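Chain nomenclature is as follows: A, B, C and D, assigned in order of appearance, with residue numbering initiated at 1 for each chain independently.
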């Protein structure tokens, strides 16, 4: 179906996470458990979902589709078409318009040694450079995903075991990745040497293991949390249990993505040992201490701003109220309005709860400002509902840099904080005041003494420009391989 | 597509509202505004949506589809196919499995005097009796909806004007209804004599009028609230403005549905002059006063229990925390699990936020208990997450009777409160204690001095069995017309 | 899906028959047999197909769809959804662009006495007049088909038996019809008093009866031909056998449609006792005797002109060759070409078989000329392939009048023969000579002594303007009921 | 949609040709012309169709779909999505059940030197051997077609020009092929050294060139026939015209597929300089001379047997009649019947024209007998229609061997003629007599003096077992690569 031009809905001004991954080994319900895990990770990607299962001796089965996990894996017939004791799943967040089915993961290939499926969360920073070399060698790419680079590196590796070939491939790639892969002999999980993206290991009560991007993917299937897969570690899961392979030296300073705490991870997940909901409330409290303001009511921008707003309200001693209501039935597109309708400033995703706002000094709490477009509309809506003052408080530092490690932030030119100071930003979004949490405040909320510039405990490049992994593709001035084939929408 | 058997998701244990209605007169964007209004009313029905528009001299256009408003009216081509200055829309909540397109409203008929479209929220209590008489006369029913009775009564009326025929029809039906209808000369709105179901009138800034089930349907299109359509009133909207026709005597005691305050209406709507969000908080506070308990944390069952829980927490002086996280990506069905998976007690819609629950005495606040199945699962989930005590508080009185006025409650035999006292119910759902707000408490929260049994201010039949409108179909023992034609699913 | 604008393919310049009907009573495979019968009658309508079956005590089941019988009834699941010992089917040829599903027959209604389904081949000539009266009475029409008039006339009849109500309805309608209807007690077949449209009765070897538009619908299911249903007869088929009801006096002169012999009926059908293939060959021979010409080869316009061309060639002693090849993979639309492509004179449906045409004097034999557009293209194609002379011979008299009895001919203004004499027509289509069979010659080929103007043996109104059934709607100057509701394409 | 089990229709007992190919260079309507050419070649493959176009500097566009050309390329929007001056198209006949879209040609790859698309008619006889070697090297196959071998051989070739890489690939493959390929600089056509499969070159009136499997693909777009591409030749078409490259020595004896004359090619095509329709009539006449029999009527098995039956009838002086009618609305599957219906011997594709058969001695003329199942049913049907004698005459020699060069014949064990002599075959199919044309008779009809066993002028391996191209894959006993991934049907 050809899509008519779209009208952007409210809050897609958040940075977007690319993808959630799940792997199951050793359960007769492997595909069903994988689908449930993907459902719990749906917040990490809603464009498409796929599952590959492994039955018997190397018989792989696949099902992929655009849309939500529930849209694609909602009936028994689909799950019955994915038999076996092991399975691999992926939720995709597409960064470009093209969500062709060929780009939906897990990717699969028939190798000399049998079938191999891989699901990838993250982003490689030397993918273009590697791809050009592979094409020159005669490798034919079928998707436009970075992730296919893993497949070809494994295919052409001269090593004879799957594990050696995987290590051979990992040694060549740069970037952030949490990988889950499946072949006839084992389920594999791997994190990049700095551990930027999350991956956790769980154990099923009836036996068998689960790999998941977050602990909420374990909870939904009743798996017990075992531990995080460690930065630079490969875990190999087969019928004899879990083994750990460490092809990389342990990093002196891992760099877990700090934005997982601020926005991405589900509030009920435990990330790197820390509950996300708690952390967000502590960030809100820290923000209240740093940037207090006289007000009548603390209002979160739902849903992501809620815990921080609660923490802020409790610390400030000001009532917390749901002054903005979110419409959860919103899809990604809606009616392309006429100018008249557009001028109504219609809010499809948020509406003001007038009785909580009218005549009041309002503090809005949100998690971040990227382009600023949504913040401006929200502030305007709250003013129209009768607020006498509108103060915006943000539970992250200003987003001044793009992410190249798997989060879909726009280029710097479009980042409001990259081009304006806080006063200008307040003016642009129309707030009476605007404040961001400080970098040190954020680290304090995470239980540190502040940020150690020599060895920061997290990847915070989007706030600091401190890119711990080289950005080879960004420095590569040679011509990029063109996506030459335009496949009509089917 | 043949649907595989389904696995009920979490909380469909709520009573379900049937339908939201919107009508627009006097705007060049009538269909687009109607779609936006329906989007704001999406919580009142998600099975299907339809819009009929009126262009020029009696040219009607229609588009209907299963699914959400955004699924069906999300691109410019569909809206362009609905031209004209007036439109009528309907969100359907299907009470039975059959959501055949022929049942999706607005219903439309070609009368002698031209086209006529009608959208209906509510339920008739003498529909079967009337339908049998109409069929005997030679009327052919095309849908299985009660609403089609209006159409035939108007078609066979001997009066010569549309308004007289409508009044003729309304005089014959019994039940609860808010109607919006459209013909070549006018947009019509009507509420039943007791005003059980809501309907509000708004005015567009650029001229033109809007009828909507709730004020949130006015807010989204920037319309100003004018007033409620009154019980027993018909409003006629045409290019000369709004006229009021009163075919019925004013009721001494209207009976607006009290459950709109408790659960159905959107929290940001102003219903019969009262903000819903405020009311829910007051109910929560009243509940805390009536049924306080020592606890460490107040946890709402999201999303409907949130305002009541906030009111409860503030009154009780106990921290309010989001101890249960709701997954908003859930559709209505999901994987049919094997027994093993079912036994995991998997929660597709809710998950426990363990860090807020573990080791704590928890008060759960929810809006109602219907069958009790969801409550039992929620309590179990909270216990598994480590709660030391689980107390359930309900912001409505026990639901002891079925609704016949437009809300999809199960028959009495399935209502937990119709068959068990509160102690038994606490035992069944596994809570350490259980309390409901009292009837008088509920009325107090609504600003009354308590319930006046002689003239209760609201329809509260689901709590009291006090049915203000006769239930003729329930007493009718003659054979019901069979839905004889089984149309294969297309 | 919105259809892009279409490029008319080759030979849709034939008059089109509207519809084929099949009914089965007394077989456990009733729906499957009905589908097979419809498949054999596919040439009578390709737009849509529908089947209603009757199981047990009045349980009706329906399945309808746009497209061919094989597209809609090709798998066991669909047939399994149509259980029962009786079924009714219909192939639709849509005369207008709108093939909404609501217009696909069989039509079905829930009457006071139970369900009733009807399938209709033909056209009523007082449908508009009747419809206006019915709407005035309060009847609501759901389709835009003439056939729905039957349903309402039966619904409002004051008689108490189904048969009396059917007769009451038939007495009020004028026009051409072969009806098959199904209710709980019986399968009914009826032909109009002049017997314009065909309907035959067959008997299944294992018991049970079949009604079909043509004998080919009996052959495919192995049913033995019993007899034609007679003009003005109603046959009632139930478990006790076949009964004949004769509500109308026997006509002194029935008027079976002569065009069934020329074009519509399948060549292997026996129509009114006469094999169609034989008849067409005799028409060709008669044509050769009347309008011989010196030539090298006789070439049919395939497929409909083949038997007449064989008869012509044998009588003339000139070789018969397949000088034009038909592409059977053609659908109804194809690529909308650019002007350049259109100028290529591309033939999607026919191609010249150059080796049989080059350097030869060619006689083309076709069945009719309606607008003349296809004939012109065919002649041009044959000339481009190298024919030295092109003579066109037509196996019907000139089509000078529209049909109002169920065949989709254009209005007179568009009929080439209504506006031009034969010499002009030859010039327009570019043929060296053109001849039509004479009316008397046509009757001779059918075994008569020629046409008796006082009592012609057939309906030949399209050649003579002798309309035996009054054309009430054509004389009706009052405003027609408008199809007011435009339903977006679903 | 999962397809229910199928009931084989009538005459799929013919050998099936795999694929038709079209290429256009130098027309602004390249994709539209390609679609028209594919439409004319629809008889060579009906499972799927695809077109790749080339616009500007290396921008390729693709559209593919299951079903007919008209189903997939029937509107202007699709063609508009295939811009450019050059295009390549393919009709697929799938030999296995899996017609996954990834197998639909043209295949496309992004090479180091840019995009490259290829469409292939024929079959490689060393594809498995080559594929195993390529996979071992690290090549990842995306389809299960033989044709992908070409792509990888070109990708890994060490030569630097596209032409040298193509020649490098062609030197390694064995088998029968007519290839059309498209890259940024040129349109390429190639035939295997023995010229087993056809490929012709045409010239557009407005400039530009067309490659097509048969001349009917030129005729439909108004292109003039230039010449056959020669065995072992590569033609390179670019803006400077047509060049011929001859990487292979001219074969002493080409081996064009003799079955193209008997069955595959369209009757209006000129194949290797000989009109197909003429040839078939001559074969029929030769057959009459060799195997005359006293009879009353000659009846073709339509449509393929028609010209041979006409030739037979003229030579024998016995009337030719259409005693069997073919239903052209048949798809590939139909209702799965109950046993009762199956026993009726229902014929979905053919029906007897009883008036031409009853009481007569009938000679049936068909083109071939493969399994014999259809012949048996046809003979039975003709007897049931009243034939007193049924003699079967076949316009090809007995099919005793499988084809490995691109025609889908079953394995030898299933070939009736491989396991039975003619008398036994007559008995099995139930005919009073059976005769095949002799090998020498067939060659005579083709203008030769008979078959020269030392250097036969055609590939006639299916009749003789004389396989001119080695069958390496048939001798290869090593394990075949498994198609490991089962993709659920989307």
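The rule we apply is simple: a contact is a pair of C-beta atoms (placed from the backbone, for glycine too) under 8 Å apart; a residue touches a chain by one contact, two chains touch by 3 or more.
Small disclaimer: the values here were computed from a predicted structure and weren't measured.
Participant: When you check each chain against chain C and chain D, which touch both of them?
Facilitator: Under the touch definition, chain C and chain D have no mutual neighbours whatsoever.
Participant: Taking mean CA positions as centres, which chain lies farthest from chain D?
Facilitator: Max centre-to-centre separation from chain D belongs to B.
Participant: Between chain B and chain C, tell me the centre distance in angstrom, where each centre is the average of that chain's C-alpha atoms.
Facilitator: Here the centre of chain C sits 51 Å away from the centre of chain B.
Participant: Once you find the CA centre of chain B and the CA centre of chain D, what distance in Å lies between them?
Facilitator: About 62 Å separates the centre of chain B from that of chain D.
Participant: Based only on mean CA positions, could you tell me how far chain A sits from chain B in angstrom?
Facilitator: One centre to the other, that is 36 Å.
Participant: Listing for chain D: what residues touch at least two other chains?
Facilitator: In chain D, 77 touch at least two other chains.
Participant: So in the complex, which bits of chain B are touching chain C?
Facilitator: Against chain C, the touching part of chain B is residues 2, 52, 58-65, 77-78, 81-82, 101, 108-112, 114-115, 135-142, 151-152, 155-157, 481-488, 490.
Participant: Mind listing the chain A positions that touch chain B in their complex?
Facilitator: Those residues of chain A that touch chain B are 3-5, 28-29, 32-33, 35-36, 39-40, 42-43, 46, 68-71, 73-77, 79, 205-206, 216, 219-222, 266-268, 270, 275, 277-278, 303, 306-307, 310, 320-322, 325, 327-331, 333-338, 340-341, 344-348, 351-356.
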